[in-house]
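I have a structure here, written as structure tokens, and I will follow up with some questions on it.
Per-chain numbering from 1; labels A, B and C assigned in written order.
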């Protein structure tokens, strides 16, 4: 196994993310998956939008495109179609992918473009200072929901299953080995693969909702898990988790996997007429 | 007590394939005409946890459980499991153990000193009871064959030397039960394991000094943001963030190399590397009843 | 010499694009530009190119930028409302220096406006529609033949200067069929490739002409592209000096090469007393009006910029020094006229002939406007 740091732009480190932000854990797990699959570093392109999660692509030594807010799946679509030999991975956040970029995400899924989307869901807008996102649980506090969120939240995986994504999975940032395995599966999947990673935002979500810092948030997400139990779910390494504040559980693991035709461009007119 | 029965114990950690191995043993014994009872895993079967299986066979067997101190053979797929279960072996019985170590995260919570925390690999542990000890690096052997999953068949090969049934029953059981497509590699592994016991080929022997020491913890303080995740997840309490927010190693000796801190560090700031000295050294010839 | 063929303006655009090497089209249907997409989908696959109809105009230009970074020459086409949606990515392409071509077949606005009527209402949007200080190259052909030439030029400039280039024409040119003879061969410019080894490559180090080389993703050069202010390594920075140097270079790379970019067509301005300033379809009405005015003994001339942005201040200033009056005719309520005033700097009287009702400006109307009345007033 290669040291994952060989995939980092070490000169750019340390990264900009806050202490305890699990996005870096997710990145490490992803790099392990890349290493496992022995993907050619020159042939991997990572495309991101705007937000905390999207900043990750600046630190990896691949071809990296830090685009505009929500539009990463559209950039990735052009990139992949023009250069099919590239492995294209989108890194996006919950606000990026599900609010401003919802349209692009569902259409990339519908087309079954052969890309992998990692959605790092921290349930809040981190980069802009803790505003409510489409994933903020009802009742949760954010800077724009000071008395508790009154909107229902998206279940990203259900949304993507509805949009026709041929591979849909959910993993927890608290389970790095699970993450790597599912990410490797997603990267290997022919067609559109979507992986929602339950990540954290200790700086805003954790603070506003009194969940705590990075360690507490990792435990918090573990007890939300109703599916594959990770090692951390059993460990209870952090005390004083306000269990009553834990939202209803969510299923983890690979939730949908089907093989259907990968988008391969338009049909030629003569092929249609003949 | 059942009539003329013998017992065997298989032990390993979750994910190693202990159950499949025990099914193979049971199947081989049945093919040889024995009455067989097999029992699996009393307790938690989580990945990384202790997994074991009792097998008893003979003309007639009533209970599957092997009484303490009566097993003919202990087949341990992991070193600590050999130590954990050795009491079940009768005096003069056989212990076949893989010298690979798998430290389950959080398994050693209550121990504070290195040697108490993880048993040193030391054949002399079994000496007083005149056990026939076979220590094997089955994982390395299987890797050489091209499939690390065949390690169990190496162990079974060695175990087979201590059980009096015809070799063809073993090979038939293996061919019947291993995943399709892996029959050849598992049979090859089995034969190598058998050679270890019968031809007395040089075996991988334990480091007489025991386990050579803790893993090395390296912290990149430029990248570390002192978020505290690592120190909170460390099962051995090796790490702490001091009042200045600086991550420090408070118990370097305690690291078991579980790498939870490394995997859960959001800042790529911790690196865990193997002990400087390899845990298993040298090749020594071994003979039945020797103390290694 | 090729044979004359009867083609539509939108078709000429497609032919010009393909001749210039365009191999990716990402677009979204909108009148009156849709024929470009409908032609592209039929022609691109046989050339090994890619056509995709995206979910909206934002995504269209995003896909184009993605494809361009993958090494393809890429374009999209739209009209007013769609052009508004593309502004975000025009700015992104300018900042990240990704070559691409955007065609805006203008229609009446604001908003959904007059979908099938001509307009020149997007002239200022094309220059200032995206936020921040950025350069803009905007070309305005006035005939079907010129649509072909301008499209080729647009791709060449985009590659030459690593910048988005906008083609503005209106519904009339887009839908008019004219007999044109397309050139047998054209000059094609490709983006400069790095000479450094991949390990030594810093993506934003520019040579003297201000245009850094641009390798394609997947060709062995691993680099970062971001719309954030970035340093020569392509990495985000908040350093004011670095940011200023970047924005300055983005402008200078074009400002220092205006001769390569600016194209102005003049007609009978040498002895003119009045010059009509017109572009796009209005340029053709204006030319007819000038010819008829000359027949009537009026010393009229025409200045018709093909390059709207960067604005040809020098060329307009020269004409302003020669004539008494410049009549600016445009199909909006006064957009480029302000630039003409700035260029003339008081040396000529500037008058406007402006309409934004979806109706074209006719030669007769312009002739009337340049013909003095009994009191000698225009």
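The rule is simple: a contact is a pair of C-beta atoms (placed from the backbone, for glycine too) under 8 Å apart; a residue touches a chain by one contact, two chains touch by 3 or more.
Note that the structure is a prediction, hence the values are computed from the model and not measured.
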Other chains in touch with both chain B and chain C: A
Which of A-C and A-B has more C-beta pairs touching across its chains: A-C
Chain nearest the overall C-alpha centroid of the shown protein atoms: A
Centre-to-centre distance between chain C and chain B (centres being mean Cα positions), rounded to whole Å: 72
Distance between chain centroids, defined by C-alpha means - chain A, chain C (Å): 39
Centroid spacing, where centroids are CA-atom means, of chain A and chain B in whole angstrom: 37
Chain C - residues contacting chain A, complex: 23-24, 26, 41-42, 45-46, 50-52, 54-56, 58-60, 62-72, 74, 88-89, 92, 216-228, 233, 235-236
Touching residues on chain B, where the partner in the complex is chain A: 46-48, 105-106, 222-229, 232-233, 235, 260, 263-269, 271
Touch list for chain A against partner chain C, complex: 9, 11-12, 41-43, 45, 47, 57-58, 61-68, 71, 73-83, 85-86, 103-104, 107, 265-269
Touching residues on chain A, where the partner in the complex is chain B: 3-5, 8, 13-15, 17-25, 28-29, 174, 176-177, 202, 213-215, 218, 231-232, 234-235, 237-238
